[in-house]
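Multiple structures follow.
Below, chain A partners chain B and then partners chain C, in two separate complexes.
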Partner chain A sequence: MSTKTPAAPAKAPTAKHSQKEPRLPNPSSKKLFRTVEPYIWIAPSIILMAIFIVTPIFKVFQLSMSKVTRAGQLKGFNNFENFTKVLKSPAFSLVLKNTIVWTIAVVIISTVLGFILALILNNKFHGRKIARAIVVFPWATTLVIQASVWNFIINKDYGTLNTLLMKFGLISAPVNWTPNPTAYFAWEIACGIFVTIPFVTFCVLSGLQSIDSSYYEAATVDGAGYFQKLFNITLPLVKSSLTVSTVLNIIYVFNSFPIIWTMTKGDPANRTDTLVTYLYKLAFYNGKQGEASAVSVIGFIILLMCASVYMVYTLRKGDDDL
Partner chain B sequence: MSQPANAVRKKPVSMKKVILRLLLYFVVLDVCVITLYPYFAMLCTALKNRVEIFSGGTVLPVTALWSNFIDIWSKAPMAKYMLNSILIASGSTIIAMLCGIPAAYALARMKFRGQTAFLGFVIVSQMFAPVVLLIGIYQVMMQLGLTDSLLGLVFINAAFNQAFTIWLLRGTFMGISAEMEQAATIDGCNRVQSMMRVLLPVAAPGIVTTLIFIFINAWNEYTVALVLISTDTLKPLTVGINIFNGYNIIEWQYLFAASIFAIIPVVILFMCIEKNLVSGLASGGVKG
Partner chain C sequence: MKKILATVLASAMVLALAACGGGGGGTSTPATSNPATSNPGASVPSTSGEKIPIKVIAAEYGQNTKQWWADFQSDFNGSHDNIDLTVETVSWNDIYTVVNARIANNDAPDILNIDVFADYQADDLLLPAKDFVSDETYAKMYPAFLEQSNIDGTVWAIPDLASARAMYYNKDILDAAGVEVPTTWDELKAACEKIKAYDSSIYPWGIDMTTDEGQAAFAYYIWNNGSDFTDASGNWILNDPKNVEAIEYAISLYKDGYTNTDPATETRYMLQDLFGAGKLAMVIGPNSIPTYIADNYAKAETPEEEQINYAFAAIPTNGSNPSVSAGVMDRFMCFDNGHSDEKLEAIKQFFDFFYEDERYSEWVLMEGFLPATSAGGEIVAASDPSMAPWVDIVGSCKFYPTAKAEWADVKQGVINVEQQALLGGNVQELLDNLQAEIAG
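And then the complex of A and B:
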């Protein structure tokens, strides 16, 4: 993936010399400058990402294959022992299952609901601007705070959900909304959906707004019904917006840490852990950095499969445009 | 439902249309109420006293205790947290833009070998959220001596926002015709001058959108700050406010009063860029 890019910063220093003398009439130095110039422009960005993204990636791979002391020192290659330890541990399959359930549930449900919400908000009605501003709220709010509020709302002793439902007379006694870890996990998923919907909605809305209304007028003249128009005009035309939002959401949701960390910390006994909370605990609570890195690498491999689909899609799309 | 409403108005109003319209308002109202409910609960709780919160039973506070909003500044180093958040977010924004603008410019205006590879790398880098790299990040920061420092967080946030910065700006730049810059070049400007004087002013809306978006992301960042920062007075708001969220006792009224301070600036900024951000994301995506 990044095999070609590390070459670029190496070219930058030579480029700087030629930059000092760009006015020389010498055509060959001018030509040389032309070829290296783009690399000077992208160099700062590459250096920044190389130090703070690429190096940590290498570190994680290195740690995942090494014996690591509790203090974080490397003691050489250990024959993928970290991976076998992780894969053998009974908690891991549970955590992996949770991660898959969490990602699929949040992404699919928020994509469907976000899409419907976008169709609704695309209508012209009074207060549309206000409604759109309100829908943005959960997107702008940091996840830790969102999760804290939901934790408060569903509390069985003093949460406002029980209070409200009792005031409306829908329940007579406080309900324990989180009787078991599965129920708590479901609430975490609900919170995840709540914060993910706005992103989907706005991606789809941007797609909807670029559709020429003459398509719909023509279809109406031809006697097409609402759902015919939805499936034959709207869906195909917002497909690219939907793909972008879905792929990005898979990545974000898969890697989402604050909601679960704030609400349950993955407890009890890994029942609500996902890969990221699990690896956080392994690394920073249990001092097992090697195993935690192995979990990271397994996470990469899963996501890489998703990202490669996305890349093939977007890059091919770019070729079509040319 | 997606056709423009003015087409509807010309026809005689049928019963079905009226019902659909009412249904539309009903659904929109419900969505707004549900969306705002957590914020409403937060505000109400922030105005209650401890006893009232833990005994439950009230939605609105019996008497609004505005003093909670003042107390938090003395109960915790809130001013420090706030300042740290501002420093981290502005620092990250500046560095991300300084590195991102030239890169986006090169991608939009020049042709070079490895262009596709660089773009591919930018896309793939989004896949590596800081949280999965935490261990690696921690080790790198140890070597650089940047653990427990605001500067470390600034660099991390700037780096992990490069993808979005480049993506959004490249889309903006590509949407602007290069003719003006070419004219400036003929008039004797070099590339840097023509970019600064011609392209950037035209691209200002896109640049402001990107800027605010990075600011918000950095402001809302939680996980890396949680790991890297151990000194209390260096924590940003997202991590710091959890001082009220203790193991044994949660001071909900203070937690939410502090949270409101953390939310308001961001929500206002977000509402300013919402429209531009979405079209930016879409154009970047479509132009791939």
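And then the complex of A and C:
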């Protein structure tokens, strides 16, 4: 698709000119080489992207518009029937709502908490390095393991949360922490937040460390308080890091599969499904690969809109702020 | 201009991240990585051009499957000079994707060992069983099992093994609560009430209505209410009054507080764990439960006094209906890859070799399953007395209507109905809607 375009001019001149380069006497060849050189450098990544990213995505678009048998055979264009079926299904609006709640809740809460944590870790204190290492742990652990552990913690029958509270004498009998689908979904969101915080923290921390301390010194001399410094110096200067982490998180969280799949598989009755778990079930449990691809394409379009807003915003401001 | 550039960059970013996100566009991607699970060395082509190659994809049932097939492959190739057999074992998680990708790339296996077959048959990809199995081997199978792979009078696949279900109960809990083993639904409810009164921390009855296996719960209750998924002529009757009654009964057990906390998210494995830990009094489960519980005890080094004392009995039924056990069966099928006569002959030799009585009973016992041939049944029953009652059960149990093309939709549909009902939905309405959706 679009990423492929620069590759075309790059291919033909590549071999010819790169070998001649050391013996280029005339300036026009040199100029041509200069023009072509960047494309040569990016050609390998473009080719890799074309093979491993663009081709599968193209395939999903193709599947979404075709009649696909349960055995995975394509039986031709079916007039967007996959899309109409998906959009008509009563489960889809529920799943879309869940996806939006899931993405917004996880991204916003983890960004706020991650930002606060970054501010704390940016202070000088004993054991700061250890504290920073500990913050990485949730990020460094596989999501499936994380989700299994959370499931184990909140389990009514043998969960550690109940055991702990009973040991402290705070409760006398095991509490069912997931009495309804909403409660289960809230726990999944909590798990999502927990694993997302480290990413935000480290994005913000890198921004914080690049702020020159002289700004703060000057502000202190002028009599600025903690919150004045936070809102007038820190926030504007880490804004670009925060924007990057937020946009990446929106895409990651929106597409996140393991937490929900491990904890509930979207059960009961799609109440905890997001688009990704829903399309997985459609494809591999119901054998409806065409409809699953249509859901995938819808998710892609939603993300594309989010990312476009970000790109327009950053390009308008110029590259310096990126 | 900037806006166009922005859109282009945004697409590139979403494409890249969606691909990294894992699962975003997953319908086609896993195929490239999954064949890694194949048998090492199995993909090496035969050095002699004379040999007839046979490619098999087999489901990985457990830890012993891979080694069993590796041994089988070397035994078979050792005794058949003109055939080059390669067997790939693929985990259940990946097998459907692997097979679909292979079909899409015109590289379908010659022989496939999996649970479903109707989808492949619907695409005209399979050969009739009679074409790839010798008469002698074909005659060994239980006829009732072969019937499960019959579409329009032709049998398209042959059974490789089966498992059956029964009700397991914790003897100590039932004794302590003063309860006889229930045989009817009324007795079951009364037993649950007594167990609950005896110790409220014990769950009297286990139900799994999860995406994993919710269709099994549906089958247990409707079959034991004298009903079925389809009528005698094969039409779907999902909203039959008896089916509504059966599911309402199952849901009432949950609403009365007699079941595990959350049947919609607690899988059968969680129930088996609860049962093994003595926290669940009764549960319907497969014949492999004793192996499962014994393995868990061995792993956790559970002292003998903490191990449960249990037995199994027929699944309770409504009134005087006969008790029906649910059977699950897997199959072998042969893809129509334009085989020559020699190749078909070689495939027949493969099945003759596989179903040789001794070898076949080893295969079945390897992962604790039940045989699909009468001779295999006799050997299994003789070699392991604990399996003998199961061999009887499996000969008479009912199976899901997997030969019908709508089965995948029905399976997910009934799970959805159960889960909606658990949340307070009206069973009659839900089943009416499902019936309308399936039967069109």
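Please note the rule applied: the second predicted complex is superposed on the first by the 277 of 322 C-alpha atoms of A that agree within 3 Å, B and C clash if a C-alpha of one lies under 4 Å from a C-alpha of the other, contacts with A are read in each partner's own complex, and residues count from 1 in each chain.
Assume a contact is a pair of C-beta atoms (placed from the backbone, for glycine too) under 8 Å apart; a residue touches a chain by one contact, two chains touch by 3 or more.
Small disclaimer: the values here were computed from a predicted structure and weren't measured.
Residue contacts after overlaying the shared chain place A:Asp157 against chain B and chain C alike. Of the two partner chains placed by superposition, only chain C is touched by A:Pro181; chain B is not.
Contact with neither chain B nor chain C is seen for A:Lys85 once the two complexes are overlaid on the shared chain.
When the two structures are aligned on the shared chain, A:Lys167 is found in touch with chain B, with no touch to chain C.
Look at A:Ser296: by the touch rule set out above, it reaches both chain B and chain C.
In the overlay built on the shared chain, the residue A:Lys30 is in contact with neither chain B nor chain C. In the superposition on chain A, A:Thr264 contacts chain C only, with no contact to chain B. In the superposition on chain A, contact is made by A:Val60 with both chain B and chain C.
Greater residue coverage of chain A by touch, when chain B is weighed against chain C, goes to B. In the superposition on chain A, A:Asn286 makes contact with chain C only, not with chain B.
Looking at chain A, you'll find residues 1-3, 49, 52-53, 56-57, 59-60, 63, 72, 157-158, 248, 251-252, 255, 257-258, 276, 279-280, 283-284, 289, 292-293, 296, 299-300, 303-304, 307, 310-311, 315 touch chain B in one structure and chain C in the other. Those residues of chain C lying in contact with chain A across their complex are 2-3, 5-19, 21-29, 96-97, 99-101, 103-104, 119-120, 122-123, 125, 201, 209-212, 261-262, 264-265, 274, 277, 279, 408-409, 411-412, 416, 419-420, 422-423. By the touch rule above, chain B contacts chain A in their complex via residues 1-7, 21, 24-25, 27-28, 31-32, 35-39, 41-42, 44-45, 53-59, 95, 98-100, 102-103, 105-107, 110-112, 114-121, 123-129, 131-140, 142, 155-156, 158-160, 162, 166, 190-191, 216, 219-220, 222-223, 227, 238, 241-242, 245, 252, 255-256, 259, 262-263, 266-267, 269-271, 274, 277-279, 281-282, 285-288. Residues 1-3, 49, 52-54, 56-57, 59-60, 63, 69-74, 156-158, 173, 176, 178, 180-181, 184, 248, 251-252, 254-258, 263-271, 276, 279-281, 283-287, 289, 292-293, 296, 299-300, 303-304, 307-308, 310-312, 315-316 of chain A touch chain C in their complex.
Those residues of chain A that touch chain B in the shared complex are 1-5, 7-8, 22, 35, 37-39, 41-42, 44-49, 51-53, 55-60, 63, 72, 117, 119-125, 127, 130-146, 148-150, 152-153, 157-160, 162-164, 167, 174, 202-203, 205-211, 213, 216-217, 220, 226, 229-230, 234, 240-241, 244, 248, 251-252, 255, 257-258, 261, 275-276, 279-280, 283-284, 289, 292-293, 296, 299-300, 303-304, 306-307, 310-311, 314-315, 317-318, 321.
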